[in-house]
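Okay, so subunit A shows up in both of these, paired with subunit B first and subunit C after.
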Partner chain A sequence: MRLDPRLGLPALMLSLCLVACGKHGGEASASQSANPVVVGKPHSGGELVFAFDGASLTQFALDPHKSAFAPHARVIRSIFDSLVVLLPGHRIGPWLAKSWEISPDGLSYTFHLRDDVKFHDGTRFDAVAVKFNLDRIKEPKNALYALSDIGGYQASRVVDDFTLRVEFAQPYAPFLANLSKSSLGIVSPAAVQKYGDQFPLHPVGTGPFRFTSMAPGTEIALERNPDYQWSPSGAAHNGPAWLDRLTFKNVPEEATRVAVLENGQAGAVDLIPPQNLVQLRTSTKFHLIERELLNHNYSLYLNSRREPWSDERVRKAFRLSLDVDAAVKTIYLGTARRAWSPLSPSLLGYDASLEGGWKQDRAAAKHALDDLGWKPGPDGIRVKDGKRLTVSFLDAQGNREKRLDLITIFRRQLHDSGFDLKIDSESLGAWIEKTQSGEFDLVAGSLFAPDPDVLQRIYASGRPTLLSIFKGADPELNHLLEAGSQALTDDERVHLYQQAQRLIVDKTYSIPTYVLIYSVAAANRVQGISVDAHGFPVLSDAWLQ
Partner chain B sequence: MLRRILERVLVSLGVIFGAVTLIFLVLNWLPGDAATLVAGDDASAETIAHVRAKLGTNRSLGAQYRSYLAGLVHGDLGTSYVTREPVVSRLAAQLPATAALTLAACSVAILLGVGLGVLSALNHGRWFDQVVQAVSLFWVSMPSFWLGILMILIFSVRLGWLPVIGDGGLLPSVLPVLTLGMVVSVPLQRMVRDGMLEGLHEPYVTTLRAKGLGERRIFYVHVLRNALTPTVTLLGVLVGELLSGAVIIETLFARQGIGRTTVEAITQKDMPVVQGAILIASVSYVLVNLLVDLSYNWIDPRTRLATSKGTR
Partner chain C sequence: MKSALEQLGGASGGSLPDVVFEAPRATAPRRVSAVRRSASSAPETPEEPSWSRKVLGFLSQLRLADVLVGISLLVLAFVLSCACVPSLIAPFLPTDMRSDAILVAPGAAHFFGTDQFGRDVFTLVVYGARQSLLIGVFAVLISCGVGVSIGLTAGYAGGWIDTILMRFIDVWMAIPAILLAIALSTVLGPSLHNTILAVSVAAIPRYARVLRGQARSVRSRPFIEASRAAGASHWAILRRHVLPHCSVQILVMATLGVGGSILVGSGLSFLGLGVNDERPDWGYLLTQGRSYLTVAWWTVTYPGLAITALVVSVNLLGDALRRRFDPRSAPR
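Right, the complex of A and B next:
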């Protein structure tokens, strides 16, 4: 659920994207626009101003382990490297780790690290540094968001300077995919010790760009790391970034982002609103880079712990009232696909057989509600035992990505069947309190993650966290999700997650809406920008004509 | 006069103290727990308890309030819950941008408001007056957000005269200052125009005319001065409008500012930051209104007389 308004938000709120790749994912879902792009030979030099949607942020927190907020992660990716990189097709490639072995029981990972890597502060990257990073995340007192990415991590043993063995209490299949996230980027232990609480304002990593300065809330200035020789596998070039300087500008208003692209104040901007995407596709001055953000799709969750939503038939009637295709088409103008599964299509285990699995059927919805004793009242809203069929929709993110517009269309569709949807807008703090206590009928959100294990964060009822916005308790689903996070082969995992997806859709535990596409628009003088398999921008290969 | 200023200062301190106390109570009463927000998605109860102890939110309300006031007296506004920065430096980084924006917008509003108000009154009922009234009605009815986008499209994208974003510097400030200033100028313009039109029918104008004073002098010296008293009062009220309008303008033009900082801090329940921002807002509000009060002495001799009588 991607609530924008804060720095260290639950990842859940964050939204966008995750790691990637599906059997037919990865390549298939990534698309570079067909605009005529002038090509040439990449060369060094110049400054790129990248205007990003930083939401209402007025202070940046550039600690990868602490910031679960997608806009921060987009900047963090340029400053911090990871041990491994996610490649299309669910493959994991080497980065700061040259190779690794996993023990047959899945409990221990041995990483062989590069021996030629330095942090921006000149200190050495080695096994001790990686151990420091993982232990830092595990320490509860540090209260770091990345904790949710390391599962049952127990301890790290330094075998030699550049070999590290990482041990788990139970097998944790998402580990490698999670390691490729920027949230497990490697920070400089020396800098963490030096800056303490202030590290997020003085980020030091090993990445292609190093931090130079920030203007709180508006600008983050980076410069090329001239020593960089450790690009991830799959990168367009190995070696230092082409750009001398990379400046991120936080431009939260979408119309303003488009304006600064058009008037030349920015070379590239992200998260383009649908109406402008349509326009830019045919532009000869700008080009688009778009890619699916790996994530749990933005979905609606009825509170199945509360009457009447605890009854599966009422949830079904609710869903049958919706025309998701029409709503998504109206709001996103064909720039986003309609979602059928909770998982975005490029995630491991995506079940394509769910596509086209149900369609709007108002007559059936009305019939079911009549049978259940919900009769239309004088104003068309159904009533049973004096209680109106009201759906209180709890929201804290406002209209980011036009999500409230989407809900408004659903509201009209639901009204036809006799549901009365009311929007309850709250601050993030209140939203969390109410989702925790279950004081709502409906919530909606997305969550970015590189692995189908994201389902466990939302639907598992055993150990509720802030992300557990699914309020039901289904032992079968719990079992599938737990087994999925521990299974040792991809085939086994795919099988388990497909069953889980079907269960979620069959029982109407959630209603997926659309597949989020991350977009960057760039002036043609700016070349080489790409979006990685997670759906985050890669700027180390960008160059200016 | 001195005594009057002293009285006003004391009352102002009371107002500020009240505002700070009220916001402290309201924020605590609102649902949500800063520690949960800071601790992370997967935080255990133990971690959350640890964060609460670190932030000091595990103490009783009374204890939190006392330590806040104690800090305040020493000029210490506390530390942000979320970013662990001293609130003073967090706000100090954002204050200059907001101060520059609101002061410049206020000047624009006064120039436009009084200027157009006087000209409209002079040209009462003629085309100039009608155009000004129509445009200002349109301007004040549209959301400032939308007006800002319109300005960007015309002056930046289409004509290419002005940049849209940029901290500091004169050029990037033109559009935000104009947008905010024009919105705030409308009520001033109305007040000046109506005040002058009414003033022209007052008996004292007839007296002045009978004494042989020139129309120009009557208009600019006597009638304008009379119209200014309520206008200045209104200006004091409009400071609130400027500050809240700044939030929208700061977001639209991607500028730094106290407004955005406050909104963000409220959603995060970052109490020390919100309280610091409210303190700044209430101090500026009180200061402006103090100046407004004092300016009556200069604008309206009757209040001067009343004061000196009172002090005697």
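Right, the complex of A and C next:
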């Protein structure tokens, strides 16, 4: 299948996100570590260098609506604000919108916006600007990733300068949670018109930092927005950021990130490799902030449109061959928790009853394969009608986040049951094409999202998107996911999504592996960094001693 | 080097090239060892020396170079046996991943410790020997074969064939060997065959250059003219006269080339262009262990030492061969 060229960049960003958004490590639940930290009084001034894992990309795309790549979203969060903020415990708090009402049928949202907000370019933030943002995303020819965040959005009506009514064709329960995502950050309409296609290189928002310059692929320089008085609810302080300047440096090599922190070239770094986490947790010179990323866990998907994976019994035998506990413990050195559900534990509707639901049973796997006619060949790999039981794993990201190491261990475990796992390393373009056309046996990926509606993006078969790497079609699952996105109460939604999770695990549509913990390590002279409820770093409260 | 060989070749009558190579070995080293022997035996008492004295006497006669060659041969023999029968040497299997023994420091149970998968590093190094040797030996065989053919053809034929071939080789040489190897294996994709191919293609021009010079000097000798006058074909002359006259250069360059090829091969592996196999080669072990260097030095140190030991050994042997066969570097 050929991709629409206009879909190129979003598709690229998207799949990067699928295969790469975030990292492992840290304790099982959301937590801030309690290293000995010298605390003083916050004051403004100074420059912070934040080294982040941005992969070996040659360009940054800082358009919130366009980029689904988590490392870029981490930078975007400091430049752009959202209408609402996600607070711990699935609560939504005011940000650029002071308050809002939802109609009883769930079809219309009325937002009352702040009247004191200015974009970095000096233009006014108002209802017209928000309407521009939503309409921009809705326009299919813009091919923006954020399109999948607005569900059945139909139109916005400007009631007055600072009141906006947003209307939907069908109820879309995840809307508020999605509004809190950086992907629905509010961009300056004037800047979008001025820069056009070049907007991702000249981002203009309302955030605590404004963009000054970038060196493609290596560095992004921001400075304080002195007018900032609209911090989200729950922020440590209201008002301009403490830091004069904030520089994001892309350091994709994990050992190097730890090194630049240790030698003082960076004040803070993110995504600490597990082998260094333990050491940093007990360090007196550095402190560590760790929080679970709200996420569809990194999962393995067998292509259920292809023989023999269309047979649930083969998929089950595949899963029974895996010892996920041992693999996750080995690779992440006990710093990451093993995942049982496609959803990460802090997401709304997480089904804890799935925990401990199955375990490795090699004898059962072998028995099942024997019964299905897959007999061990001379080299231990099973054969049926002259065809070897080969699993080709389609990969584009290499060993980012030690994910290929994880697959290496799975390969060994699968080999013992007679599967021959082969790693098919492809370029990103080829990866996208092959996942779209279904030319693979196995793929794996994760996808960050603040709402269980993420399941619909991956597993719903009715409206295939670039995110639909699940290739099966299950009407019952489709129904549950659609009902989940339209149900009006949280209780109802939780109930539906728990059923959906159980169905996915029960039918082995995907095999969740581990729970991602986002981590930031900072030198003790850098204070006040936190990680928001989504699992993204907040740097407006950071200050230097 | 050329002129010395020419003189020797001329002196021995030309038609018997074997003598050329025997001559330096027969004369030069013997003279030196004779001098040494007399020097070391001077202070000895006339009575029957004790066993320990015999050993000491023997050791005192050894030159540093001989000792190094001995050690190199031992290393090479060990690596060779690792490559042939790894299962007899390694205490574990390279595919054994023990989740209860991750990043264990070197000790009694694991000489070289364990890596991030809980695999025994010593076992991995032993099993990795085969790939490194295969790359080293086959890359040299291919590059030497092709390079020698081009060089001999150009040097012997001369004229426009020489010009075309050598300008082609000049362009080829202008591209740094490692860069060429990286580019090739990126295009071909990671596999053992492709690594060997990439390494050898990058090494070809060096052989061609040296062999062409040698072939030119041999071509101008009277015995070549004599053979031609006697009606020998070009092919026969190349095979019977020119090639044997170049065999020393080929042997020395090839030996030294093995070390270089292993290094380039390991470099490719390190860059992720090698084979992600269940039996990783040494370069790949370096890549895998690199990010653990600060917490588990043994995961990269031992594979690194293995590469160093093998390359140094092969190079020392190459040097020894050169000393032996090259009259200009014979001990003075």
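Just so we're on the same page, the second predicted complex is superposed on the first by the 517 of 545 C-alpha atoms of A that agree within 3 Å, B and C clash if a C-alpha of one lies under 4 Å from a C-alpha of the other, contacts with A are read in each partner's own complex, and residues count from 1 in each chain.
As a convention for this text, a residue touches a chain if its C-beta (ideal position, glycine included) is under 8 Å from a C-beta of that chain, and two chains touch if they have at least 3 such contacts.
Just so it is clear, the model here is predicted, and its values are computed rather than measured.
Legend: residue contacts after superposition of the two complexes on their common chain; A:T408 is shown touching subunit C, with no touch to subunit B. Once the two complexes are overlaid on the shared chain, A:Q545 sits clear of subunit B and of subunit C alike.
In the superposed pair of complexes, A:T330 makes contact with subunit C only, with no contact to subunit B. Using the contact criterion defined above for the overlaid structures, shared-chain residue A:Q59 touches subunit B, although it does not reach subunit C.
By the document's definition of touching, of the two partners only subunit B reaches A:G217; subunit C does not. Looking at the shared chain after the overlay, A:A430 reaches subunit B, while subunit C stays out of its contact range.
Applying the stated contact rule after C-alpha superposition, one finds that A:T163 touches neither subunit B nor subunit C. Contacts of A:R457 after superposition: subunit B is touched, whereas subunit C is not reached.
Of the two partner chains, neither subunit B nor subunit C is touched by A:S233. Common to the subunit B and subunit C interfaces on subunit A are residues 253, 255. Of all residues in subunit A, only 5-12, 51, 56-59, 61, 68, 140-141, 143-145, 147-148, 197-198, 200-201, 215-219, 249-253, 255-256, 259-260, 262-263, 265, 396, 426-434, 457, 465-467 touch subunit B in the complex they form. Against subunit C, in their complex, subunit A makes its touches with residues 253-255, 258, 273, 275-276, 279, 326-327, 329-331, 333, 398, 404-405, 408-409, 411-412, 415, 423, 425. For subunit C in complex with subunit A, the residues that touch the partner chain are 95, 97, 99, 102-103, 116-118, 190, 272, 276, 278, 288, 290-296.
Residues 30-34, 36-44, 46-47, 50-51, 80, 82-85, 90, 93-94, 149, 152-153, 156-157, 160, 163-167, 251-257, 260-261, 263-264, 266-269 of subunit B are the ones touching subunit A in the complex.
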